[in-house]
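Several structures are given next for inspection.
Each of the two complexes below includes chain A, the first together with chain B, the second together with chain C.
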Partner chain A sequence: MAVYKRGYEPYEGELTPEWSRFLVIARQAYRRVFESRLLVSYLVLCLICPVACALIIYLPHNEGALQMVSVGDLITIEPGFFLKYMHLQGWLGFILTAFIGPGLISADLANNALPLYFSRPFTRTEYVAGKMSVLAILLSFITWIPGLLLFAFQSYLAGPKWFWDNLHVAYALFVGFWVWIILLSLLALAMSAWVKWKLAAGILILAIFFVVAGIGSVLNEVLDTRMGSLINVVQVIDTIWSSMLGLASRSGISPANAWMSLAAACALCLHLLSRKVRAYEVERS
Partner chain B sequence: MKTSLPWKLWARQVMAILRIELAKNFKRKRAIPVYVLAFLPFLLWQTHSLVHIRGWRTCSGSEDLMVYAGVFQVFVLRLAIFFSAVAIFMNLFRGKIVEKTLHYYFLAPVRREVLVVGKYLSGVAMMVIVFGAGTALSYLTAVNHLKLTASRAVVPAAMADLPVYVGVTALACLGYGAVFLVTGLLFRNPIVPAVAILSWESIIVFLPAVLKKFSVIFYLESLCPVKVPFHGPGLLFTITAEPTPAYLSVPGLILLTLALLALAALRIRKMEISYGTE
Partner chain C sequence: MDTQPVIELQGLEVRFCGRVILDNLTRSVSGQAIGLLGPNGAGKSTLINTLLGFYQPSRGTARIFGHDIRMDLRRVRSLIGYMPENEAFIAGMNAVEFVRYMGELSGLPPDAALERAHQALYYVGLGEARYRKLEEYSYGMRQLVRLAQAIVHGPTLLFLDEPTNGLDPAARRRMIRLIRDIRKRAGLRIVLCSHLLRDVEECCEEVLILKKGRIVHHANLEEERRLNRKFIELETDIDGTPLVEAAQELGCECALAGGRRIKMVLNQQVEIRRLYELAAGCGIQIQKLNYKRDSLEDIFLKAMENGNGSLQTRL
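What follows is the complex of A and B.
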């Protein structure tokens, strides 16, 4: 039978529920991500710090260990301890983003694949959410999930009083890391959408963190101000995390200003994404 | 019969490649961030001078020169030139593979070593011109506005450091250029080597003197006219090393560059293009 004689037949199979359609993208992306042995090794490496932190938390509660070391040598488990944990895992998450993020959208754009996505019952928001979920799920496994497990472990060992006294630490771990995950994901997707060569996008993500931080420091030094810290992502996030944990930040900017700077960065990334993620592209000669 | 090597032909070919690549390097849109990074300190020092002229704040000569040295060593050398070198030199070959145009060069009757030298020189020329101008302009602005302050006596002595700053900038372009030319040929994904080199160059302040010598930044900082003390949470762990004198640093960096170029030439001789795998 000739192909042109076939009438149109709509798909009659089972439809993916609307709420979870964005996860289809994540599922397909993970297939490629986990093909890389380097990435899998890196993910395992990212879990070394939580394991080490669990040991540090456990030591003061182990009689044998207490006999070997004096109490003064042990690290006190307080909000400052969790801030250090957040900094370390935050950096590891950033490097993971620089590995995975650049290839998420650039390949679709380079191969004109976006019309294929948007010709299906799939919105632009779902597309971006799907691409973000690739990073968000992986980053969650190395940031707030082990962080909350550490908090639960310490609460179990130290008792309910410690839990109620430090409940804000759990909030900081959860909300603070989600803020970081959203920022990293949006930044990576925006760079991936604007720079079609994924290697260049990776370098650009690194450069944005290091060079923009450097520009902020130069602004502070040359113009004798603290406003330069507002474009330094690391100082902005440190201010937000410190304020959540009830600690003083050394960045010299207020938490309100840090939140505004963060909101501006996210809005800029969303704007860049909305300009590029379209079912069509206008070529101007 | 002994035949001499065709040096004149190779020189002409290098010049031809240099001309083509230089025009491309300067005109491409991707060069805009490089220009921004090179001239940003100049713009900021202009603003600083304006603030002083308007009388909104006063300046101290020694303090400003120390701030300039800090900005130069931390921002210009470690970040601006480093990332610009990553962008320019990794693009020389890897970028052409992604654009699927490298085979045009390989099909031309040019030795591949000549191609490496031509492309490398085009990158170096662009970076030295852009960053040399940026450094000179920013330093002139930083020093000249001191004539309007009580520290005007330091100006003549400070002006003598201008060629040193420009020279260090040129050496940085030379050194980092060679490093990233080789990494662009050796690695498909430049993120891993870029992160590794950036980390190495950042932690050398904590490393023993022997290991410091295996970094580009150590030689560059040794040549800088003003030493910037390290501040930060790791201050206790810093290890100071005797700066290498200029008569060792400069030839050392040039030798390192030549060695890396030789490595790049060896690598490109065996290079096979497979656009499909990129």
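What follows is the complex of A and C.
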């Protein structure tokens, strides 16, 4: 019978597995993300760096290229090269988060949509996981996935010895980027949940990176300490990535302190999310 | 009809910031359509939100179709469709995308969700407008979309929180018609929360009246109406005192107003014909006889006056 002729009838078909339902949020979000030419262009732009890195990796192994360029001009492929790659892609990831992140929860809050989600067999954790997955999947495509491909490419060209000597680089690319993705996603979601206005949420995300970093620098200067760097997200993540790659960080904070600072930031974001991501807020009088 | 209780409240108490909002609610309801009535701030919406797991009970619990809302919330939610009181939508979507999305979140596979989204939107009367953005809809249309998203996954129990709020008379009639139609469909129970007595009277056969977070009355409207058949009003051509005395001798409760108007609660054994015989015996002619029905408004007002759950004598 045609749909328009049918009346109300109960649903008796199969249901999707409960564990997979949070991905419905990501799927829906991507329909809208890929409708935006600006975002699609930006995503393509984000892949230029990995392609350029692949070329840099390839050049020393190409005889024709070696004849044109002197060996001294070539970049050595070692952990420092991958740290630069991580920094560059990390910043591109941050800009992507600043584009997409602010509207993820604030739009639902502004339109009072949360009761619609939570009146279904769908928990707050699944909601946050769904919203995080929107960022996590996109960020993965521009960070650790091309990073590991570059590592595999270099290993293929340089041979097994290089692979075994630099296996920790693959670990750093995978774990280090995931730490960054989780931090960015939580920060973006927490700001998005805290401020119903998308633009304000975007400004807050930028403020956390730049204004708080500035405050950290002032603290360092005034108190003659390095502890101010603990609230500078960029320096914290640089310390963690450098330690994973076996390199010295210029931030002046220890990796243990950086990890603790990171854990505190994530805990604070989770706390904000648990306060704000509710069907209805109880007004305290 | 299935007589399993739809909702069982067991000493349910909800507090916000130490203030008691729902106070020790204990009741079991099993009607096909249950009305939740009460003045603003009585706790109707809070009760619905608690049953949906939005608020944690500070004491007691509740069961929906036997599933504890504390222990088995996911199962409870899978049985429920919820139409919230306030504006609620997801920006940037048209009605089909929105209702489909809600269906998928409830666990419907994408294809089934899409098919049922079209079906639900046709059913609520938005078939022709289903590809328009939600932001472009009128308030009344958005109410209908909220109803469509509540039924898209085929729930067993439908919570409707003030579904006719803000609707013009025509849209209200349409909404009431829809609710009555949904009620008729097998297996679907409705909990209608409203402060509009007419809505509840038209749609529900069982009603819970709340006041200041407590249940002050629980009535089966059909039963109330049946009982009220014995409650009559008479008008006589001359002074009705002899008829009143004669009726009282038969065990009827009577009150005389203005000499010719009599209000009477008939004894269970007394038939109406007997009243005519009595009147003829007294030389009185009954000019008018009405069965007086307690309207829901009467029941509500009495419940509000008493506030302790028991109804006073009807006379």
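Everything that follows uses one rule, which is that the second predicted complex is superposed on the first by the 271 of 285 C-alpha atoms of A that agree within 3 Å, B and C clash if a C-alpha of one lies under 4 Å from a C-alpha of the other, contacts with A are read in each partner's own complex, and residues count from 1 in each chain.
Here, a contact is a pair of C-beta atoms (placed from the backbone, for glycine too) under 8 Å apart; a residue touches a chain by one contact, two chains touch by 3 or more.
On a predicted model such as this, the values are computed, not experimentally measured, just so you know.
More chain A residues lie in contact with C than with the other chain of the pair chain B and chain C.
In the superposed model, A:28 lies in contact with chain C only, and not with chain B. By the document's definition of touching, neither partner reaches A:51: not chain B, not chain C. Residue contacts after overlaying the shared chain place A:95 against chain B, while chain C stays out of touching range.
When the two structures are aligned on the shared chain, A:122 is found in touch with chain C, with no touch to chain B. In the superposed model, A:167 makes contact with neither chain B nor chain C. Once chain A of one complex is fitted onto chain A of the other, the partner contacts of A:256 are absent, as it touches neither chain B nor chain C. Of the two partner chains, chain B is the only one that A:224 touches; chain C does not reach it. On the side of chain B, the complex with chain A involves touching residues 30, 33, 37, 40-41, 44-45, 47-48, 51, 57, 67, 70-71, 74-75, 78-80, 83, 86-87, 90-91, 94-95, 98, 189-192, 194-195, 198. On the side of chain C, the complex with chain A involves touching residues 16-17, 49, 52-55, 74-75, 77-78, 80-82, 84, 86-92, 97, 101-102, 104-109, 112, 115-116, 118-120, 122-123, 127, 149, 151, 153-154, 156, 159, 181-182, 185-188.
Of all residues in chain A, only 38, 95, 98-99, 197, 199-200, 202-203, 206-207, 210-211, 214-215, 217-219, 221-224 touch chain B in the complex they form.
By the touch criterion stated above, chain A contacts chain C in their complex at residues 3-4, 6-16, 18, 21, 24-25, 28, 32, 107-108, 110-113, 115-123, 278-280, 282, 284-285.
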